[in-house]
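Next up: the structures, one after another.
What follows is subunit A paired twice: with subunit B in the first complex and subunit C in the second.
Then we have the complex of A and B:
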């Protein structure tokens, strides 16, 4: 059964149709892998009973010749997506024990297409983090190991999702990306992830962090598997007023391998001072691959890039402080038992329930929105956000897509970058502009660093043009021939 | 800029989060660090630039004003820390006289 967990979604669907194995066998193999890798702490809740029940239903549909697009495919569901009857926590103590009575639109769509849920994946608390070290349910450990044997971060915030997919516990996963939370873990874990255009996937039933930036999307091991998952997750939802009423393109068909004549922008502002030589080399390698495939590299300027992170760290905390005001111990989740008055109950509930990073961002948000500072911080950041969007609009007058590294480094050890919040924030330096501009962006594994750890390349596209992103991503994937497997599962297989 | 204790306590009150006395200095240091860092936005010329609140260039849709949901008090209360007879229960807010 070991091999079943190494299949791509594409091959598994073919095997299921061909009756080479059943959905129950495929699911059981992944449940076994999930149990064997519990040391990675990728899941907050495992749901093997749900998975086996869903797999049995898939098998019935295969037998009846009525299989759905993702029938029998086991996936990890980021614990930010509300699941009816299954605890949903956002990795925070403040939601411990919360069992939604409704299903998020994205997971409902996956279920309608026959996908099988293995469990709720761990994450940074309220999706705030780049290392999965802010979860109230413990750190997620990357299946990749440093040469010195130290435990590494899987990236974040979708760290449990990425670790589960990389360690072959799940064939794919749901994830969300507010500043890089799909792409940075994809890069660290050697897998593929796409943040689609804002509005492509419904946010209904997803625990909110920063509503104008939060974007659900998939993680999987190949570009095509991402296309298969996104096709299911995307689409208009009247329950989310920012969900776009547009047809969902055929992402799979977009992966043609033909990028002849495409113009690829290389933003000069992304060449940071002190960029590690191996990141620069990887980027140049990416350019060479695309050139070889017939694309043309064009130097472009995105002059406000250096202001993207400071802009983000005003807008995202401001929105978070509003969104997270709902956690007051009255209607759901944690309530402090230490208080006698209502006001005291609010303050103590929130002090006990939220982690340090969440509190920090709520307080920053409260400050930048407060009387006297609103214009200087919040409105100023919204103005710079428009300039960042305009940079991209101008660039896309001459180029079809943009190529950059995904992250400024490979995975780091657990505990590193914890001494100063800003050091951790800098992880998102290449990813955050796509969220501010709302445009689609994908990370594709492209090579290994000096320590044998994965590094990703990022492809950004025009708003609503995920097809070009998939096309270019497919070419990078084919050229890179990334086949390295995390040490954790090699050891277990041996 | 550096946040003084009064400001930190005010922010904590706005955020409705209790902070321990021994945490005030640490929190002040962290928040000041972040605010000093974001203040580099001051260098950017933004005269005549409209603030951008939402990247989706669509009119927010309106729906008919009609009841589409309801009669699910049990579901709404299912996760309440304390409830009784169809209501959420909170600590007493109004003190009785006498």
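Then we have the complex of A and C:
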């Protein structure tokens, strides 16, 4: 059965249709893998009963010839997506025990297409982090190992989702990307992830971090599998006012392998001082692959890139400080039992319920919105955000897509960067611009670093043009022939 | 008639601005589909959005936007093509999101004016600063348990319009007139029911005092002023308080004060240390609200005739006084009733009957016009009988009382009771002759110059004819006979 967990979604769908195996068998193999890899702590809650029930229904539909687009495909659901009847925590103590009576639009769409939920994937608390170490339910451990054998972070915030997919516990996963939370863990874990255009996937039922940046999207092991998942997750939702009323293009068909004549922008501002040589080498390799496939490399300028990170770390905490005000102990979730007065209850509930990183961002957010600082921080950040968007709009007048590294390094050891939040925030340096501009961006594994750890390349596209991103991503994937498998899986298989 | 207050150091002028919160008439809430009806069992009208469950998002109720535009047009105000919903952040148990979605920098409605009618028969224009849309909060309930408080979220998220006036109001009478006119306009428009008792309209009053002609004084904001009467009482108290402070050489503190209707006083609501920093910022869950000029124009066509237009029309078209017109237009239903009555009748006579007789008895019985036992068509019928001399005005009052009691038509009552006016001059003459014969002394006195006795003769004739004689005919014949 081990082999079933190594299939792509594309191949699994073919096998199911062909009755090579059943959805129940496929699901059971993944449940076994999930249990075998509990040491990675990729899931906060496992839902094998739900998975097997859904798989049995899938099998019935296959038998009746009524299979749906993702029937029988087991996936991990990031624990930021509210799930009806299943605890949803955002990896925070403050929501421990909270069981929604509603299903997020994105997970409901996946269910409607026959996908099978294995469990709720671990993440950085409220999606705030790049290492998965801020989870109240313990950090996720990457299935990849450093040469010195140290445990590594899977990246964040969708670290549980990425680890589950990389470790062959799930064929795909839901994730969200506010500043890189899909792409950076995809890069660290050697898998593919796409942050679609803001407004492509509904945020309804997704625990909010920063509303103007939060973007649901998929993680899977191939570009095509991402296309299959995103096709199901995307679409207009009248319940989300920021969801776009646009047709969802056929992402799968966009992966033609043909990029002849496409112009690929190479932003000079992304060549950071002190960037590791291997990252630069990988980037050049990516350019070479695309050139070989017939695309033209064009040096472009995104002059406001250097302001992206500080801008992001003003806007995101500002929105978060307000979005997280609802966790007050009054209606659901954790409430401190120690308090005597209302103010005391608020203070203790939130002090006990939120982790340090969440508190840090709430404080930054409250600060930048407060009287006397609002104009200097929040308003200025909004202006810079507009300039960053204009940088991209200008660039896309001459290029069709942009190629950059996904992250400034490969995965780091758990505990590293913990003493310095700024250093941790630098992980998002290549990814946050896409969130601020709302444009689609994908990470595709392109090689290994000196420690044998995966590195991803990022492809950014025009707003609403995920098709070109998929097309270019497909070419990078084919050229890279990335076939490395995490050591944890190799060891268990042996 | 800017009312001045005589203090120990001279005269003081009051400067008053009002902020009125009006609950929008709509089936559902501002950002959720939950019912916005008043009076349901606690927490039975709460959607996932209203309870601020994780991941829930607001979706703007388009009908409420139309209602706000309609109201803005009714207040002769500029409608802004772009407005922005912002978050006003603070913690309170009846505020589930931890923020109120409101409009701050860019409201949907900008400047306008309304005309208020003052008790002395004059009118005055009061400026409207803005109208914006915002969410109502829920309700904290403190009297159900010795140590615990409860929260009812039925109202959480209901749509409110906050209507802010310019500081143009100069006294309690003007404040009362402003509130009454505003309520009247909202009711005409059908955008707020104006029920202050149910809390669907609430007023905050900003008050300061100054020596006439001097610069504005420091103001206090008075909250919890929930009736027209309370507005007047609160202003009287607050103005006296501020004048006393100033005349004692003190300074008024800019603060929010609460009106206590039981103690008839205002008192500070929160101290400075608790002053909130609301950290307003545009709500990222909602796009800026755009309304096109076409949309505004199309809403304009749905506006009813507004109270002031109607008032002026009644004066011009029906020749009514400002006072009568103001009384008649106070409610849309009343105005409609009047117009039905006035349709085929003398318009001034119709106004007298509606105001003095109909509204008189309805008020006495505390019966709303909607439940009047006498319909407009029936009253029109009665007045028709007066106009065509079928009955006299005096008999008409008896007939009206009968109509009010039985609901019957005037003509039926007149027929049944034989109240038809006698216009047969022969019959009247005969009775007059009788009266003259029976009262020789008075005849002599009258002829001797006691003109006032004419009324006595009329009375006697009417008495003999059970009031049914045509008064004009009686007058004419009597004059002739008495020479």
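To be clear about the criterion, the second predicted complex is superposed on the first by the 494 of 494 C-alpha atoms of A that agree within 3 Å, B and C clash if a C-alpha of one lies under 4 Å from a C-alpha of the other, contacts with A are read in each partner's own complex, and residues count from 1 in each chain.
Assume contacts are C-beta pairs under 8 Å (C-beta built on N, C-alpha and C of every residue); 3 or more make two chains touch, one makes a residue touch a chain.
If you're wondering where the values come from, they're calculated on a predicted model, not measured in any experiment.
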item: Subunit B versus subunit C as contact partner of A:332, first or second or both or neither; value: both
item: Partner chain(s) touched by A:98 [first = subunit B, second = subunit C, both, neither]; value: both
item: Subunit B versus subunit C as contact partner of A:464, first or second or both or neither; value: neither
item: Touched partner set for A:377, first subunit B, second subunit C, both or neither; value: first
item: Subunit B versus subunit C as contact partner of A:354, first or second or both or neither; value: first
item: Superposed model, subunit A: greater residue contact from subunit B or subunit C; value: B
item: Partner chain(s) touched by A:241 [first = subunit B, second = subunit C, both, neither]; value: both
item: Touching both subunit B and subunit C, residues of subunit A; value: 98, 100-102, 212, 238, 241-242, 321, 325, 328, 330-332, 342, 346, 366, 370
item: Complex contact set, residues of subunit C against subunit A; value: 48, 51-60, 87, 89, 91, 93, 96-99, 151, 277, 279-281, 283-287
item: Residue numbers on subunit B that touch subunit A, as the complex places them; value: 7, 10-12, 14-19, 27, 30-31, 33-35, 37-42, 44, 46, 49-56, 58, 60-61, 63, 72, 75-76, 78-82, 88, 90-93
item: Residue ranges of subunit A touching subunit C (in the complex, touch as defined); value: 81-82, 88, 90, 95, 98, 100-102, 104, 203-208, 210-212, 238-242, 318-319, 321-322, 324-326, 328, 330-332, 342, 346, 366, 369-371, 374, 378
item: For the subunit A and subunit B complex, residues of the former touching the latter; value: 97-102, 198-199, 212, 238, 241-242, 244-245, 304, 307, 310-311, 313-314, 321, 325, 328-335, 339-342, 344-348, 350-351, 354, 359-360, 362-367, 370, 377, 379-387, 389, 420-422, 436-438, 463
